[in-house]
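Taking it in order: structure first as structure tokens, then the write-up.
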Amino acid sequence: MSESSAQQAHVHAPSTGFWRKYVFSLDHKVIGKQYYALALAAVFTGMILSWLMRIHLVWPEAKIPGLELLSKAGAPGGVMTPEYYLSLLTMHGTLMVFFVLTNAPFAAFGNYFLPIQIGAEDMAFPRFNMMSFWITFLAWVVLMLAFVIPDGPPIAGWTEYTPLSAIGKDAGPGMQWGASLWGLSIAIFCAASLLGSLNFIATTLDLRAKGMTLMRMPLCTWAWFITSCIALLAFAVLLPACILLILDRHAGTSFFIPAGIVASDRVQPHSGGSPLLWQHLFWFFGHPEVYIAILPSMGIVSHILINSMRKPLLSARVVIYSMMSIGFLSYMVWGHHMFLSGMNPMSALAFSFPTLTITIPATVLTLIWLGSLYGANIQVNSASLFALGFISMFVSGGVSGFFLAQPSIDIYLHATYFVVGHFHMVMGVASLFGVFAGTYFWFPKMTGRFMNEGLGKLHFWITFIGAYCIFMPFHYLGLIGNVRRYQSFVNDFMAPYIPLHKFITIAALITGGAPFISLINVVQSRFRGKWAPEHPWNATSLEWSIPSPPPWNNFGDRHPVVYHDPYQYGIKAAKGDFVMQDSPEQVPAVGD
Amino acid sequence: MGKFFAVVLVVIALASAYPIVKHHFPLPEDISTHGHLIDKQLHETMVEAGIAFVGAQLVLALFLWSFTGRKPGAPLKSFPGGAKGLVIFAFVIVGLEVLALGVLGQKAWASVYFTPAKADALQVQAQAEQFAFYFRYAGPDGKFGQIHPEKIDEGNQNYFGLDPENDVAARDDIVSGELVIPVNKEVHLMLHGKDVGHSFYVRELRIQQDFVPGLDLSVHFTATKTGKYEIVCTQLCGLGHYNMKAYLNVMSQADFDAWLKQQSQ
Amino acid sequence: MQWKRVVLGPTLVLAASSVAFAGPNPAGGTISGKVTYEGTPAKMKPIDMSKEPSCAKMYTTPPVAETVVAGSGNSLEDVVVYISAGAPDDAAPSTAAVFTQKGCRYIPHVLAFQVNQELKIVNEDQTSHNIHPLPKLNREWNKSQPPGTPAISEKYDKAEFIPVKCNVHPWMHGNFAVMKNSHYGVTADGGAFSLANLPPGKYTVSAWHESYGDQSQEVTISGNETKTVNFVFKAKPY
């Protein structure tokens, strides 16, 4: 609990020169925007990949214009080969999970706003911060190289299970250099994330302004802090796993490959390894990773919801403890991805119980959000629409988890579209709703202008309704036993469900137009948006106590002092119904 | 717009629940002896999940209807019971419910995994490879020949790498592209992975199990109805994963014996 | 089986006549003979195509494996007979050698063609194939061919016998015989072969079979005579 005098240690001069100011900036705000830009590039790429996948899935013999230019081997005559579908699937998952869902809600917004919200001038280690972005960027470049090498991207999915990913080119197309690029890219990404997490944790613990106790931090800051603790442990396990995979592929080791495997008519020269070891290492990272994806959005949504409702949540403390317990429990459940993997069936029950238990804090959060809406004065705008939509999506995506948490039901639903629907809704869509809400909410802070409300609402409605049209049917398809990761459905069993798949594809193509609307909105508003007043949302947390956009050292020469928690809304105060965190104005003592 | 949002939520909640309530996506028929436990578990979970899902969406809709677009200066209210009541509800009601599901559900799991196969179960070995399943029966001598990976010769239909020249037990082994089994007889299916990870999934049998190269895994089950059912691979195994399937052919005991005899010739 | 007779017979005739008419020396000696086996070959098992119904339905009785095709009179089919020494290398002809995927089998089972000759791979099935030749000397590649996509065009620059498999259908196996010169043929039913237009000289004639290995014999041609050379392979019971 350092006082503000400790901030002197890391002071850096205002940036000068083009490269230091805009490229290799040490300023956490620039770095946050750089992460956001990288996430934008990744999300549009990932979305276009999903369009290609959905089109091919329902029209497998279609000639897709332009696809042959991307890969002659992958789409001869424009017709996608089965392996290229899997390549696109692998890249879609990898880009979305790592470069979008870890970057946007956590690295982008966290970098920009965590230091400001705790009253700091910058992160604790600005150089590490700059490095962590550029190393993440390098990881992205290495991954994207897989598109241009002759054999194409790997085909083993973002989970890259061994031995398929470990034995090299005999496993199939893309598994020679594509898979190695994947392993290298992710290892580099892990290293960057570790640097980033260290920064978040040190900053949160050491650089809080005077009066900013841990319990007075905004809920999004709490979410970023808890997320960075999870990330520190999770990425620390994936990094060596990727190194072991690269060693198996190139150095003749056999961490993941047993003896006697015959692929491409060749007995593979390995022995002694365990394919399950990869699964354990991967999911020990992979499960916390999905909470890394959702927790920041939970925090951002809570923060925005409170502001939109003009009243605090029923208990911010309960929300904080719930997020903490989710973070803690997230380390005990990884085996629920492996119920049928061949591990001891007794462990399935051991993993099932903590998985079911996570329902409790998730329910607490949902009930607090819902209960807090009661009696509120909800202001509807683009930001609050996405925040409210998050609640709906989180419930929808979360309840399918009840099914998958039970091993006996998983016998039937594992590897079906039920799982795909579950994680897209609860992780993909819900998390992105947090990012969208944050974008509309904080755009005035970052640029001094509002985003266009009309376009914002259009973006919301297309996305909200569209996402339900796409992903709710996935659950039905799972119930009838539609297997996932198939490039097309050639079996008679699936014939009656092709029309539903066509409906989903069309919904996906239409819904995919919405992000473009939002992108146009961002660009247009940046230069011609309506100017925002000093308090665009009448909000209380410290980011609203500084100019928009903030100066290079956030608070200028002053050291902010904090007097109370950030959710003083719905009270009779001097400026209206709210009191800012750094205002010494007396507030009535409420609950906590 | 808040009220419009409320209406949209109600429509979404009811439209999502409708196909489930109307059984538009029924589970394929259950032809196994243990499947009813899984189906029961799934139906109970569906009811509870359905109530939670529809309930939450409707409450959200109700609150959006009631608390958006309010007159400025409208009084703020607090949910009765506050956070404490909701936390207690979550722990007690939801906690008990999900843990009950977990405890009750272990019976279905146990029936598949904690009971060993009967001593007189029909022994069949399944091999999963890129991109087909092959099944091996021990033949009249009741013994399986040894597998030699280096002797695999698929052009010659030697998928398992048997050595009939030197291994007497291998000479009468029956290899088939279909899993043919008699009805109402327990089958002990031993799973051998030849190259990468695969998985054995028969929806109607309510059985799914990964093949892991290097591990001796097995499942056992009893089919209760004759007919042909799809066996599909559910573990991404490479470019042909989408087309990796075989058929489970459940026959009467007499037909099965005749088939076995015919294969031996 | 039927396709092979239909396709290989005329191919052999065409090959023989093209050798007869296109060679630099229209006259010249001929080495001909028969390839037979002794002993009992292993019984070829029927192929279970149930996993690919679109192919399975094309057969009234399931086809059998083709690793050993025994013809009438103990003749051995699918043997590549060629001049392995004594003849200069020939330039590749401009016509393509065609390898067809039909009924989830390779037609012909053994395709002989020359170094740098265009190899055209065609998919006539309703399902996707992924042809994967497994050379030791040449460059290894594999290519997917969804139904209705154009033919694959490849070539090999080194002489080699290359096993060919389909990555999607494990029972699909065939062979490429990449030849250095134009003196070669593949036996059909009856086991006959004829290598014509050979200028005078000492030649090594070789016969290669995918299961029974290869044999060679030396033959000297002095003028326009026909020399008879027969090959007998020992059948293996398994």
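As written, the chain order gives the labels A, B and C, with residue 1 at the start of each chain.
The definition used in the following text is that contacts are C-beta pairs under 8 Å (C-beta built on N, C-alpha and C of every residue); 3 or more make two chains touch, one makes a residue touch a chain.
Not measured: the values here are computed from a predicted model.
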## Note on the structure
Dominant interface by pair count is A-B
#### Entry: Reference chain B; chain at largest CA-centroid distance
C
### Message
Please tell me the distance, in whole Å, between the geometric centres of chain A and chain C computed from their C-alpha atoms.
### Response
56
### Summary
Distance between the CA centroids of chain B and chain C (whole Å) is 45
#### Entry: Computed distance of Cα centres, chain B from chain A, in Å
29
### Task
Give the residues of chain B that touch two or more other chains, as numbers and ranges in rising order.
129-130, 154, 238-240, 243, 245
### Message
Give me the residue numbers in chain A that touch at least two other chains, ranges are fine.
### Response
81-83, 172-173, 265, 490
#### Entry: Junction residues of chain C, two or more chains touched
127-128, 130, 144, 163, 165, 167-168
### Query
Can you name the residues of chain C that touch chain A in the complex?
53, 127-128, 130, 132, 134, 142-150, 163, 165, 167-168
### Message
So in the complex, the part of chain A that touches chain C is made up of which residues?
### Response
60-61, 73, 76-77, 79-84, 172-173, 264-265, 490, 492
### Query
Can you list the residues on chain B that touch chain C in the complex?
129-133, 153-157, 159, 164-165, 176-178, 238-240, 243-247
### Message
Please output the residues of chain A touching chain B within their complex, sorted ascending.
### Response
81-83, 86, 155-157, 161-164, 167, 171-173, 257-263, 265, 267, 273-276, 309-311, 313-315, 318, 340-342, 345, 348-349, 352-353, 356-357, 359-361, 363-364, 366-368, 370-378, 380, 385, 388, 391-392, 395-396, 399-400, 402-403, 405-409, 411-412, 414-416, 457, 464-465, 468, 472, 476-477, 479-481, 483-491, 493, 570, 591
### Query
Taking the complex as given, what residues does chain B use to touch chain A?
1-2, 5, 8-9, 12, 16, 19-20, 24-28, 37-38, 41-42, 45-46, 48-49, 52-53, 56-57, 59-60, 63-64, 67-70, 74-79, 82-83, 86-87, 89-91, 94-95, 98-99, 101-102, 105-109, 112-114, 129-130, 149-150, 152, 154, 161, 194-197, 199, 201, 203, 206-210, 212-215, 217, 230, 232-243, 245
